[in-house]
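Before any comments, here is the structure.
To keep things simple, chains are lettered A, B, C and D as they appear, and every chain counts its residues starting from 1.
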Amino acid sequence: MLKIKSISKHFGGVKALNGLDLEVEEGVIYGVIGPNGSGKSTLINVICGIFPPNKGDVIFQGQSLSGKPTHQRSKTGIARTFQNIRLFPSLTVWQNLWVARNSVEDINTESRFYRWFGKSNIVKKEIKEMLEFSNLENRADELASSLAFGEQRRLELARAVATKPRILLLDEPAAGMNKDEIRDLDSRIRNLQLQGITIILIEHVMELVMGVTDRIAVLNFGSKIAEGNPQEIQKNEAVQEAYLGYSEDD
Amino acid sequence: MKHLSKLIGASLLLIALSIPQSVISADRSVKVLGWGAKSGPLKSFGVNSEAALRSAVAEINSAGGVRMGDGSMAPMEVVSYEDSACKKDEAIAILRKTASTTDAIVGMGTTCSGVCQAMFGVLQKKVEDTSDSGVQMPILADTCIRPGLAKISEWAFRNVPNEITMYDELFKWLRTAYPNVKTFTGGSETDQGHSFITYTAIIVQMAVKHGFEWVGPSVPELGPKVKQGMKELQSAAKSQHWLMGDTNYTVQARKIKKQNADMVIVASHPFSACGFMKEMKRQRIKPKLLVGLTSSASQETLNGCMSAAEGIIIPTGFAPLTAEAKKANKIVANAGGFLDLHSAAAWENAFLVKRAVERAAIMGRSDTLQQDRRNFRNALASISSSKGLIGPVTRDGASGEASKPYVYVQVVNGKWKVIHDPSS
Amino acid sequence: MDEFFFEVVEITQSVWDGILFGSTYALIGIGFTLIFGAMGKLNMAYAGAAIAGAYVGLAVSMLFDAPIILVFVASALVSTMMGYLIYQTCFRFIPTHNHLAALMASVGGLFLIDEVIVHATRGSPLNFPAIFEDAYFEMGPFGIRGDLLFVFFIGLVSTVVLLYVLFRTRLGIATRAVAQQDVAAQLCGINVHNTNSITFSIAGLLGGIAGAMTAAAVGVLSPVMILPLTIKGLIVTVIGGLGSIPGAIIAGLFVGGLENLFLYVRGIDERDMYVVALLFIFLVFRPNGLFSKTITRD
Amino acid sequence: MDFYLNLINTIGIHTMLGLSAYLLLQTGQLSLAQAGFFAVGAYTAAILTVIFQWNIIPAVLAAMLLAGFLAFLVGFPALRVKGLMLVVATIAFSEFVRMFFYNLKWRVTRDGEEIGPDGTMGFAEIRYFSDNGWSNLDVTLFLWTFVIIIMVVVWWSDNTRAGAVLRAVGEDELAASSVGINLTIIKVSAMTVGGFIAGLSGGLYAHQVTSLDHHSFTVLLGTFAIAYPILGGLSNVFGTLVAVIFIQGLLVEGLRFIGDWRMILFGLLIVLAMNFKPLGLFDKQTVSMVKRAMRLKT
């Protein structure tokens, strides 16, 4: 599904990613953990084409993404959320989701003009589902900026899903959430998996990661120090070492 | 949507209220409405012309006012003097306002050539041409000196010296007065239509005509006829011209220094004329003779660069020579303006209006307004000569052009001094 | 050959004059750059304030026929005040993130200053006392204007002083801190508003000097100078690279020299056309300016 | 009456000019190039009606297309830069255009009279309306059909997905591109449409004033173009209209009777407006306020 081939990304002297290799199979929830500054967010930005890598290549569904701008990658089915929420504050919740309808299916199903200037029933229906999925139905016409923190997270997730991705990159979706919200998020993620979306989850909150993921890679200093299913990872002493003195709710 | 239309309606109403409505006074009077630049860099134009117009009107009224069609005397009244900021759109707005909301029989403005060009274009071109929906309002501009403007419309009149003869005479006289001056060169500001066209089409040609030798960049076509080789001159002399807003004149000055001519012509408005003459002074360029553009024959030049302008000779349409010129000068000065070639025209225009009204037998009632305006216009067109402040002004009704008398003034010890009067 | 030599001399001379004159552009550019660096905003009223300062300086010299140096001091002081006022009126109370509103407000400020000047002087050009007007050094074929040298010199001095203030004093460090991270700076107990208004005042000070110098170099002061100066200042700021003071200086001299070169070679009508065309190309192919040391908030 | 019609025409023309910048501002691009497109439109339409004696409608449409095409071409390079860089780049462009027309001489002789653009002397006697006996009312109706069409189209598209996308790009380019929006296409299209509208209004303007020269198309015009939407607020198209009525109707015409204090007040009021309504005179708050008022009435 998604192959990371010996990616290196340097910022000045800092090696954020250092010859990293990953392979994510279709349909799994793939966790990426690691201490701060181990290159997790950089990984997402490289996959989305926001930073061009200095070396290496990203293969998605068998074809290389190198040189593809961000918006095209999104069309091929890569969606993401941001560590610090980035909505369109002065647009309504509904419009936030509307804007995100750039998937290949959308482009093919509707004529160009109608897609930009019309408002088809399919669109209404799908966005309504999207709102229900992230239970924001009753906030549809509020401005995104007026939402509560948790709601904003949900909306951002919904917006990412609205681009009909094959693979979804979540950048610390649980940051700043309480237990209930995390449990809720957990079920959402599983729900997405059932819809056949592959998910890469970058997270510090271990209870979420360990609970939801099928497979986990541990990064440290830009390279993979361990990979395996949650149980294996929890036993792995390299990981223990990397996390020595690392508090979960950090 | 509804609330919006209401909002707009409300604000339009507000504007309507804030605009003075048509002033129709019960007692009969000859109403005129003037405008000029009272804001922006050219503010002096408006201020001086307003002072001149108003005090001239006061003069007329103290002398009994104007004889109306039925023989009775009525005072002349300046309905208002608007600020057109020397901007096309604003001048047109004022023109239409004057024509449609006031009962002024003539609009008196403005001084800026570019603005007149636009205003005259809005007027009806030919009086009898009913297919032409242009505004039917006589306009009597104080200066708008750019050549050939008044022919744009038969409703347009102005009161300017004929620059061609003015410079023709000037160089003829200079030829005899300064026999040792042989060669000449000069520069102009290219972004001011009047300065540039007058310089290339008239001044230089006339100088050549009277045997001065052009030592600037070589211009094959340059000859003794007006407009001859104008284009060639414009392109050849490009690099010794400047723009009104310029701050750096070093290159132009050096070019002119290298040409080392006996006579240097500085054809631009005071703003840049001063900058350039200062630069000449710095670079020690001391020509035997310095000749300027008529627009610079004003107080502004003295404010800007008295010492650098010392000795510059300029033809102008006004100078306090004659008794009434002196008198007018004093009156206007007391009214807080300067009388110069621009504002003097405004003063004379007031008297011109008096004559035209008396000739046209205006009734001055609101019901006869349109007719009055038409008659007034015809009367104005039929006046072939009028009395100016420094001598008779000959007018050509057909083209609406005038040909004011002119004198040659020079800056001597920081004052304008009349050095020659061709009519005498 | 001789002709060729003559041309070379002339062109060098023109460019050289332009470069000297460019120092006034440079100062204006520095002002824009300072404010942009500090707030990430554009103060359109800046050049207007500078010229206004020069006017007041002139008024001083007229009233008490003060020596030329006092004229400079007066104008510098006045536009320092104006810088502060502009900050208070056009930036202080407008939300930091709202760049458009601040921009518009300062445009309004520009109109206001411009019109007040016109109102006070009837827009008439005024004679401005020149510094060493008679100092014109001729060296063989070349000539150098003493006053321009002086202008150039003042420009350099004030830049050096400015750089010292910015990089050596606590005030300067605070300013730069605010420029780079206002929130953090606030947490460190720096009052953003004070720092900003100080930045504006410093910029104003420079502007006053620049205005007076421009006026002295031209010898005439008139409201028609304001708009061209504003535009030149912007151009210089951008070519120099936003927030880069050395950039602004070099760009100022560069633009000055280039102008005269084009004027000499292609004439007045095309001078500005080429300058702006060059600027456009420059922006497109080197979007960060000469020194892309951009210090802005986003 | 005639006078009010004239005022309404002016308002119409400036509203279109403002709307051409409005679209671009929504995508977060601050462009002063509108003056350039306006000039292109004005000269093109005038040349077509005067020299080639076209009918006015094809003439203004041609002007519109040409300006739009130019905007399209300029868009690609210009939109590589952002913020102040874009401001200056677009200033450079519009100054270039101005210089071009300032040098443009195209005189043809018709029945003994020379007509056409004459460089610095300007382009006089663009008298299509009065030559064809159009009353000022006809002109107003003609002009406002365009204005209303454009306003309706822009207002409508504001509420479509396209409008949402424009705003999205303006608010967060990174987020926009990562939900699959092609920034270049969006920005360039906004620029192009802006060019169309500016060109159209320019074409109409030319025939309204009957005389063009380079003084009409300075940076100030570009500043006004962005001033309208900013002053009016970007929440919807009527903000621009309100701002135009405020500036052209109230400040320029309405206050004329206070003589030379008018322009001083002009700057002052803009400063105040931006301080008290940084999001525009017609921002969301005002809209809801007006709405409430209406609800009470009805």
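Assume contacts are C-beta pairs under 8 Å (C-beta built on N, C-alpha and C of every residue); 3 or more make two chains touch, one makes a residue touch a chain.
These numbers were taken from a predicted model, which means no experiment stands behind them.
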Each chain counted as touching chain B and chain D at once: C
Chains contacting each of chain B and chain C, listed by label: D
Of C-D and A-D, pair with higher C-beta contact tally: C-D
Farthest-lying chain, centroid of Cα atoms versus that of chain A: B
Gap in Å, rounded to a whole number, between the CA centres of chain C and chain A: 48
Gap in Å, rounded to a whole number, between the CA centres of chain D and chain A: 43
Computed distance of Cα centres, chain B from chain A, in Å: 73
Whole-Å gap between the CA centroids of chain C and chain D: 30
Two or more partner chains touched - positions in chain A: none
Touching two or more other chains - residue numbers and ranges from chain C: 115, 118-119, 227, 269-270, 272
Multi-partner residues of chain B (each touching 2 or more other chains): 39-40, 43, 47, 190
Touch relationships between chains, expressed as pairs: A-D, B-C, B-D, C-D
Chain B contact footprint on chain C (complex, rising order): 10, 13-14, 17-18, 21, 24, 115, 118-119, 122-127, 130, 133, 136, 143, 145, 147, 214, 217-220, 222-225, 227-229, 256, 259-260, 263-270, 272
Chain B residues touching chain D - in the complex, by the definition given at the top: 2-4, 6-8, 11-12, 14-16, 18-20, 38-40, 43, 46-47, 80, 82-83, 85, 88-90, 92-94, 96-97, 99-101, 114, 117-118, 121-122, 124-125, 131-135, 146, 152, 190-193, 196-197
Contact footprint of chain D on chain A as seen in their complex: 48, 50, 69-71, 74-75, 79-80, 82, 86-91, 95-96, 98-103, 115-119, 159-160, 162-163
In the complex, chain C residues that touch chain D: 36, 42, 89-90, 93-95, 98-105, 107-116, 118-119, 227, 231, 234-235, 237-238, 242, 269-270, 272-273, 276-277, 279-280, 283-284, 287, 296
Chain B-touching residues of chain D, taken from the complex the two chains share: 1-4, 6-7, 10, 102, 120-122, 124-127, 129-136, 208-211, 213-216, 238, 241-242, 245-246, 249-250, 252-257, 259-260, 262-263, 290-291, 293-294, 298
